[in-house]
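You will see subunit A twice below: alongside subunit B first, and alongside subunit C after that.
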Partner chain A sequence: MLLGNEYYLGVDVGSVSTNLVLLDYEEQVAEALYLRTMGRPMQTIKEGLKQLRAKFPQARIIGVGTTGSARQLAATLLGADVVKNEITAHAVAASRVHPGVQTILEIGGQDSKIICLRDGVVVDFAMNTVCAAGTGSFLDQQAGRLGIPIEQFGPLAIEAQHPVRIAGRCSVFAESDMIHKQQLGHSLEDILAGLCQAMVRNYLNNVGKNKDIRGPILFQGGVAANPGIRKAFEEELGQEIIIPKHFAVMGALGAAYLAQEKLARAQGERTASRFRGLQVVDTEFQASSFDCSGCANHCEVVEILQDQTILARWGDRCGKWSSGKGEQGSVSEVNVR
Partner chain B sequence: MKVGYPRAVHYYDYFPFWAGFFQGLDLELIASPLTNRKILEQGLKKASDETCLPIKLLAGHIQALSGMGVDALFLPRMVSVEEKTYLCPKLLGLPESVFAAVPEGMRILTLDFNVRLGKRRVIRTLEEFAEGLGKTRAEARQGFLLAQNWQERYESRRHEGRSFGESMGEFDPRLAGEAGRTIRFDNPDRDESAAVLTVALVGHPYLTQDNYANLNLVAKLGERAHVRFIEEMEPQGIEQGLQGLHKSVFWSHARKIMGAGAAYIGDEAVDGVIYLSCFGCGTDSMTQDMVARIARQQHKPYMVLTLDEHSGEAGLVTRLEAFLDMTERRVQRESNFSAHG
Partner chain C sequence: MKVTFPHMGNAWIVIQALFETLNVDVAVPPPTSKGTLNLGTKLAPESSCLPLKINLGNYIEAAAKGADTIAITGGIGPCRFGYYGEVERQILRDAGYSYEVVILEPPDGSLWGLAKRIRYLAGRHNSWTKILKAMRFAYRKSVALDEVEDMIHAARPRLLEPLAAEKLYSKAKQHLIEASEDKGLEEAVFRVQQSIKEGQAAFRGEKPLRVGVVGEIYTILDPFSSLDVEQQLGNLGVEVNRSIYLSSWVGQHVFQGLAQGYRPLRDYPRLAKPYLPHFVGGHGQETVGAAVQFAREGADGIIQLLPLGCMPEIVASSVLPRIQADYRIPIMTLTVDEHSGRAGVQTRLEAFVDLLERRRNRTLTREDVLNVARE
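Now for the complex of A and B:
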């Protein structure tokens, strides 16, 4: 049983946003932070922890889970107990907050995925391939071009009377299509709604191809904040789309649940967390990279340092650096950039 | 005379055949180094950007050979290796389609290898080829026998379930030391008690066996699962997997992938199937979907991984981990409750 000031921390470091979730003793979300990564994941993680420390000065973090594309980096900085891919983290969060969920639609900043669950177990999933046309970044960019704040995008789109048809296959073509429609005199609302429909069509044709989409359907990720997209999904699928309360931070929530599960499994002797403590905020980390010249591959090795001590290295193919063996290698072996 | 053979495309299937043939002619046939970053980068520069990743790698390997002191390159045009099938159109376009990658002044040895014309014509072609190199017809016939023998030996080793490195190492000394090199991931989350899975990795051997091109996928997969390959499937198994098709598949590789993929899907000892493909592959664009349909019918975990020339492996690792998590949980669930409830 957890005490009042004990929390599990879940961290999801994605390309666009970095999310932190504190899970309290009642398995409720005590705090959820949604920060922009702005291309500086290390600073953003520290910024998030700083905010948590300010709000919960008494908090004791007893387990940490990380996910997202920078999960390895976050795990190194924080000392994580669980490092999990985004798909598993999203699925865990969704089935905990909405048991019985059968399909998860997730659209984030740079990627989108679909996850099919049956009886709480992932049975199928898909992620977008190389194109970012169906993701949040594209909507962001178009909102910027039309001069409307992204928060108003959805509310305006659902006002549309006659959504225009926009090619959704490629974001470059979609943009020129939108400009065409706008020059013909279509209203902004109709264009925005058309864009939502195009994006949903693109998502269902690419990511959702051949997937057995059954209700209840959860829609999560930052784009779920956009009611225009939700409406387009409901029209296309002919079903109700549920948006969970913490839709934007479901990955982080899943990571927190995974940390909880992992540490609960070892109940009794209650394993100590690997968490390095909230004082991590005051620690200086440096990241640097070099080309290893040990073989013709010239791997780009990244190293994370804390006060000149190497915390972790990765990026090598052979494992010479990531397994720590490289430290014995002579310095002349590497070309420091 | 030292002849170079690029470690790309059909190397991964037929090198023992050509190594045996050249041995019979008393000529040295050496393969280019294992794929590395430089080879890939040079390949990208020299090959047409319209083509597929394996042909780009081939262009890189051709250049790598020029620095190895070889007197000539051997670039056969493999048209057909078994009855009623062809190799893929991009392989039929060799060697002309990669001439731009051949260093100036380098001699190219080539021949058309086409089993559809009958064994006698194949032997005649080999004889003519040998004569061009100052060898006798008798030596060519000797070479052909040895070639067949080595190829069969390689294939039966693979059917026995021996690794690619071990089986090929017998004919390509460079591989002997490289087999079994793996990468370790420091993952605190690794659940040691998790069930060990068996996953079939289906796809062209030049992708599944080239550890640079596939971003070390086999080693990563090997941390949590036993990995099976299409080369391990005996011809009867492939034949069985192909049953029920309306029309026979006439590309050798696609046929093998399709048959072995379907057979692995039907095999209860295999927990999941991963199809490894690359951008620009014409035959995969069809077979990956045909295999997907069979997997869906039989409720087998299935995923397509598409390789490109990028070196960022984060996307690959995420998909792979998620696939293994999913497969593990499904296996655990099925063993806890009634099977296929």
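Now for the complex of A and C:
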């Protein structure tokens, strides 16, 4: 049993946002932070921890899970107990907050995915591969172009009387088609709703292709904040779309659950977390990279340093650096940038 | 004359052996790297498939080693590979490289024409008997290589030290490169077998998950193109099973089925029949047939690999969901091209392996029990 001040921490560092979740002893979300990564994942993670420390000065973190595209980096900085990919993290979170979920639609800043579950087990999934047309950044861009704040995008879209049809295959063409529709004199609401429909069609044709979409359907990721998209999904799929309470931070929530699962599985005595402590906030980290000249691959190896000690390295194909071999001594053999 | 050829995984070891047995001067291109791909991408049309881009990069890097003649196999049938040789000849000429390109295929169906081309590469000093002998030895070398590779696939999830399998693999490859007689080949295979046996004696874990890798031959044979999918899976604790090996292709296409190679391809079209009864070019039918075979053998999952825009594989991938449904086996398609990132591939592989693991470890639910009762 967890004590009142003990928490599991889940961290999801994605391309657009960095999310942190604190899970309390009742498995409830005590705190959820949604920060913009802005290309500086290390600073953003520290900023998130700083906010957590300010709000929960007494907190004791007893387990940490990381996910997202910078999961490895986050795991190194924090000392994570679990490092998992986004698919698994999202699926775990969804099936914990809504047991029985069969389909997860997830649209984030630069990627989108679909996950099919049956009896709580992931049976199929897909991620967008070569195109980012159906993702949050695109909506962001178009909102900016139309001069409306992104928060108003959805509420305006559901006001539409006659949504216009917009070509959604490609974001560039969608944009020119949208401009064309504007010039014809369609109302802003109708265009926004049309855009939502185009995006949903694009998503279902690309990411959702060949997938068996069955209810209950959960819609999560930053874009789930947009009621226009939700409505478009409901119309297209003919089913109710559920938006979980913490839709924007489901990845981080999943990571926290995974940390809890892992540490709980180690039976009886709770295993100590590898968490480096909230004082990580005050630690200086440096990241640097160099080209390894060991072979023709010329891998770009990234290393994370704390006070001149190497915490971790990755990026090599052969594993000579990431497995801890070729320690400091041989760095001189390669051309340090 | 100094002959070079494009890279495709371990194929260079076999081709080098062939030319060296015949005393033909050969320049093996440097191992394919990012730099190779960059060189090729500059020359190739953007929409061409990934192998063409890598081929061109290989030639340019081989030119620096003094190569002046390219040997490449051709193809008949609706896959773009069939016109690679010709297209590459023209692209290289336009870029100012004076390469002689010898395409090993029967021109207009003429076997005599093919014989003349082989004779041109082998030179006057080699008799046909000697050429055939060299080809047979090269073939046996490729079978030995495939055996080693398959053993490494099984060893990766079972050896405790993460790099142990890679070390064994590169050592075995070195032995095979040096072997100039059958005895050397056998010894190399035996030695790696022994080391693996010793190495995995300590393995006490669960039976590793098994994943079948199917798809376009170049991408599955060439770890650079597939971003080391097989090695990555191995590191995630998965035993990889592959649909096509080099020697099988050689047996099927060079020896016209007289030799079958390490893993015969001949059953695939029959297995594919209920789903894809026609030849669709490339190895589309083999991909579908192999998926059926892996599913029947009880693999935990299947991964299809293809370069972006590969028509035969696109046809195959549109059929795979039916196999997925019929055999209840998860199948994932991975498309690679020069823009593919390791991180993206890794995320998908990890998620796929998680899926397989959770599927295997899941406890019976009430619904399952009811289903069993109904059946």
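Basically, the second predicted complex is superposed on the first by the 333 of 337 C-alpha atoms of A that agree within 3 Å, B and C clash if a C-alpha of one lies under 4 Å from a C-alpha of the other, contacts with A are read in each partner's own complex, and residues count from 1 in each chain.
By our rule, a contact is a pair of C-beta atoms (placed from the backbone, for glycine too) under 8 Å apart; a residue touches a chain by one contact, two chains touch by 3 or more.
All values derive from a computational prediction rather than experimental measurement.
Evaluate whether subunit B and subunit C can sit on subunit A together after superposition, giving fit or clash.
Overlaying the two structures gives a clash between subunit B and subunit C.
Taking the superposition as given, does A:Arg317 touch the first partner, subunit B, the second, subunit C, both, or neither?
both
Looking at A:Gln286 after the superposition, I want to know if it touches subunit B, subunit C, both of them or none. Which is it: first, second, both, neither?
After superposition on chain A, A:Gln286 lies in contact with neither partner.
For A:Lys262, is the partner it touches subunit B (first), subunit C (second), both, or none of the two (neither)?
First partner only.
One more residue to check, A:Phe125. First (subunit B), second (subunit C), both or neither?
both
Regarding the shared-chain residue A:Ala80, is it in contact with subunit B (first), subunit C (second), both, or neither?
Only subunit B; A:Ala80 stays clear of subunit C.
Subunit A residues in contact: does subunit B have more, or subunit C?
Touched residues of subunit A are more numerous for B.
What is the contact status of A:Arg274 with respect to subunit B (first) and subunit C (second): first, second, both, or neither?
first
Shared contact residues on subunit A for subunit B and subunit C?
Overlap of subunit B and subunit C footprints on subunit A: residues 69, 84-88, 119, 121-125, 127, 129-130, 210, 295-298, 317-319, 323.
Give every residue of subunit A touching subunit B within the complex, in rising order.
Within the complex, subunit A contacts subunit B at residues 69, 75, 80-88, 119, 121-125, 127, 129-130, 210, 262, 274, 295-299, 312, 317-319, 322-323.
In the complex formed with subunit A, which residues of subunit C make contact?
Its residues touching subunit A are 30-35, 162-163, 166, 228, 308, 321, 324, 330, 335, 339, 343-344, 346-348, 350-352, 354-355, 358-359, 362, 365, 367-368.
Could you pull out which subunit A residues touch subunit C in their complex?
Those residues of subunit A that touch subunit C are 69, 84-88, 119-125, 127, 129-130, 210, 295-298, 317-320, 323, 325.
Residues of subunit B touching subunit A in their complex?
33, 36-39, 181-189, 212, 216, 292, 296, 299, 301, 306, 308, 314-315, 317-319, 321-323, 325-326, 329-330, 333
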